[in-house]
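Quick one: the structure is below, and I'll ask about it shortly.
We just call them A, B and C in the order they show up, numbering each chain from 1.
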Amino acid sequence: MFESILHGLRQIAGWIIPLAQAAEVTLALSVISVVIGIIGGVFIALGRISRGKILKRICGAYIFVFRGTPLLMQLFFLWTALPLAIPALTMQNRFLAAVIAFSLNSAAYQAEIIRAAIQSIDPGQMEAAKSLGLTYSQAMRLIIFPQSIKRLVPPIGNEFIMVLKDTSLVQMISLVDLMKKTNQIQSSAATALVYLPSAVMYLIFTGVFTWLFNRLEKHHARYE
Amino acid sequence: MNTSHCTLLKRVSALVLALACALTFAACAKTEGGAASTAAGTAADGGETVDYGNVTPGVLKIGMEVGYPPMEYLAEDGSTITGFDYELGLEVGKKLGLDVEFVDTAWEAILTSLDSNRYDVVMSSLSITAERQANYNITKPYIANNLVLVTVSGSGIDSTESLAGKRVATQTETTADDYMNELIDGGLNLAGYNVYEKVINCFDELKLNRIDAVMVDKVVALYYLANYSELEVVWESDTPEPLGMGLKKGNDVLTAAIENAVDELYAEGTIAAIANKYFGSDITAGVRK
Amino acid sequence: MPLIETQNITKRFGELEVLKGISLTVQKGETICVIGPSGAGKSTFLRALNHLESITSGKIIIDGEVLDDRENGINKSILTKQQESDILLEMGMVFQRFNIFPHKTVLENVALAPEKVRKVSKADAEKRARDLLETVGLTDKTDVYPAKLSGGQLQRVAIARALAMDPKIMLFDEPTSALDPELVGEVLNVIRKLAQDGMTMLIVTHEIGFARDVADSIVFMADGLILEQAPPAEIFANPKNEKTKSFLQAVL
């Protein structure tokens, strides 16, 4: 009994480094994609609520396409289908391709989150800003965005956790993430024990980020 | 104006709803059709069905990863399963007097799903290895196979040694994957080694010049070569890697029954006929000893 | 020259005509109160002056400069963005629901626009903000967030915020309608003081007593039209229009 527990622990210890290396892909991909997604999302959201009819349509179509098709399909389209059709668009860097696909996808989701948050702000705030002579971009930057942040943080935190778990899709383009590494170890060591350290790693990531996002939310709600 | 909007909305929702219903019915109808076609393997001699301890009594459930032509893949209509293993499965079912049902499974879980009783037998281009024999009931070989190396014509690669500094791909968790790992552990220095979920991914990557060579089962390579004229087989393993069927460890009654059925199908020439249909030659000859 | 002059302003929302031709002049130093039943178009009129609504037709002239000269929604007065915003800055606006920025302290609310729009230095903007907060009686609240303030206090911050841009005209859109009755007085007192100091003001209000008290002239609006305009003594003692009469009977 004691022997087998010890053996298990020794096995787990040996897996930590390969798992951690794979986790780097998972973590880096999620963080980079969500950050780029937020930046892109802001612009798409602004386009969506702008008065320009064409801009509005384009942004609406973007969201429709990227939310309406599976991320796996987008990843595959970018990595395989597109270069097969147009060889000039062949990418060699798998991680970069994954970042692009995940960012494009995340931007669509976050645009809707951001739009909803902006539109939830009392229109009186914009009117007051205008009546004081602030330009549209000043009003957005100084008045509307800062108030939206506390409403943005929970859904973006949620989106981050979704992306973190979706990163396992990258094994389709032969990137080894935490999930793939777990599977590889499981089949070569012929034991499901590897799920234990792997699950703990996922929980640490989601735990740390949940905590961070809670802090951020509180910080931006301090004036209430 | 508001009311007209409202009616329009109602109409559109009604239309969407109707469409959803129609699609659901179509899907149901299709499943029924599919079940009927697989039931073609029902007891030829019309006798009562024998109990082999099947997962579902009276049904031979066969696990396969559909997407490995010409062994198991979808016909051009995109929904009917076909291939060497598929036809052999139907014939085996007939011999055993059982209905046949095919269960499409991810390759990674193809053997472990035997343990969780998702199906009775794996017929999915399963190479016979010592490790697999230790953990599962593996039948005698039913088709010859060995590993080959496929590249774009004129790559200069002609052996496993000449892979040094090159990029290689295999399908994950296959004997090709195992073999490449052995070579790497033995000191082969690759510029990159990538594993994919589906074998088609490997060939796409080869065409996109993201890799230089694919290590793969010969039975599959022959099929892709027929479709991609720019590819060629540059090396062939000396080690035969015949394919067998896998069952749960200790499921000896069904294993023996299947062995018998396959032997009979050999003797009758049924297997040779299927092989000729898919490979243009009988690559099963002499493999079953 | 009047500070505000409107000529025959109309405003349509689709089929609905909210303003049916409003002509009004406000002289420098005048306080004019606009009264009337709800739905009369009082707020729309005020918001149109400040470009929070665009008018369908008519002319708006602020301090001699033509801000709008519209026909079917098209402006014939061609102003650059800069010119337009300069004219608009001559009007300060106080809203029914305060519209104080909740994420800024009281001081920041008041100092923000002078700093960002007028490009006044931060120190100067804050000094001026403190002075204004003193005049509205909120010296002790400069560094708190709005969530801690009562409605009356919020509205006084809003008045200080509008005054910080040194407007020539103050527009009040029902400034006490959202307040609890016991808080109305403190806000009206601040407005009264502004009137005494000679600020030009256009006030939409339901506080008839206050209007009688503070206004140089009362405008009665109903159904998108000005039905009557007269000094308080005259309109309350002797309303000429039937609708004015029945409205005043109902509210007094």
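The definition used in the following text is that a contact is a pair of C-beta atoms (placed from the backbone, for glycine too) under 8 Å apart; a residue touches a chain by one contact, two chains touch by 3 or more.
For clarity, every value in this text was computed on a predicted model and none was experimentally measured.
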Geometric centre: closest chain by C-alpha means: A
Remotest chain, chain B as reference, centres from CA atoms: C
Highest-count interface - the chain pair sharing the most C-beta contacts: A-C
Interchain centroid distance [CA atoms averaged], chain A/chain B, Å: 35
Between chain C and chain A, distance of the C-alpha-averaged centres to the nearest whole Å: 46
Mean-CA-position distance for chain C and chain B (Å): 78
Residue ranges of chain B touching chain A (in the complex, touch as defined): 108, 135, 169, 172-173, 194-197, 201, 204-205, 207-210
Touch list for chain C against partner chain A, complex: 50-52, 85, 88-89, 91-93, 95, 97, 99-104, 112-113, 116-118, 145-147, 158, 161-162, 165
Sites on chain A touched by chain C in the complex: 122, 124-125, 127-134, 138, 142-143, 146-147, 223-224
Of chain A, residues touching chain B in the complex: 80, 83-84, 87, 90, 92, 171-172, 174, 183-184, 187, 190
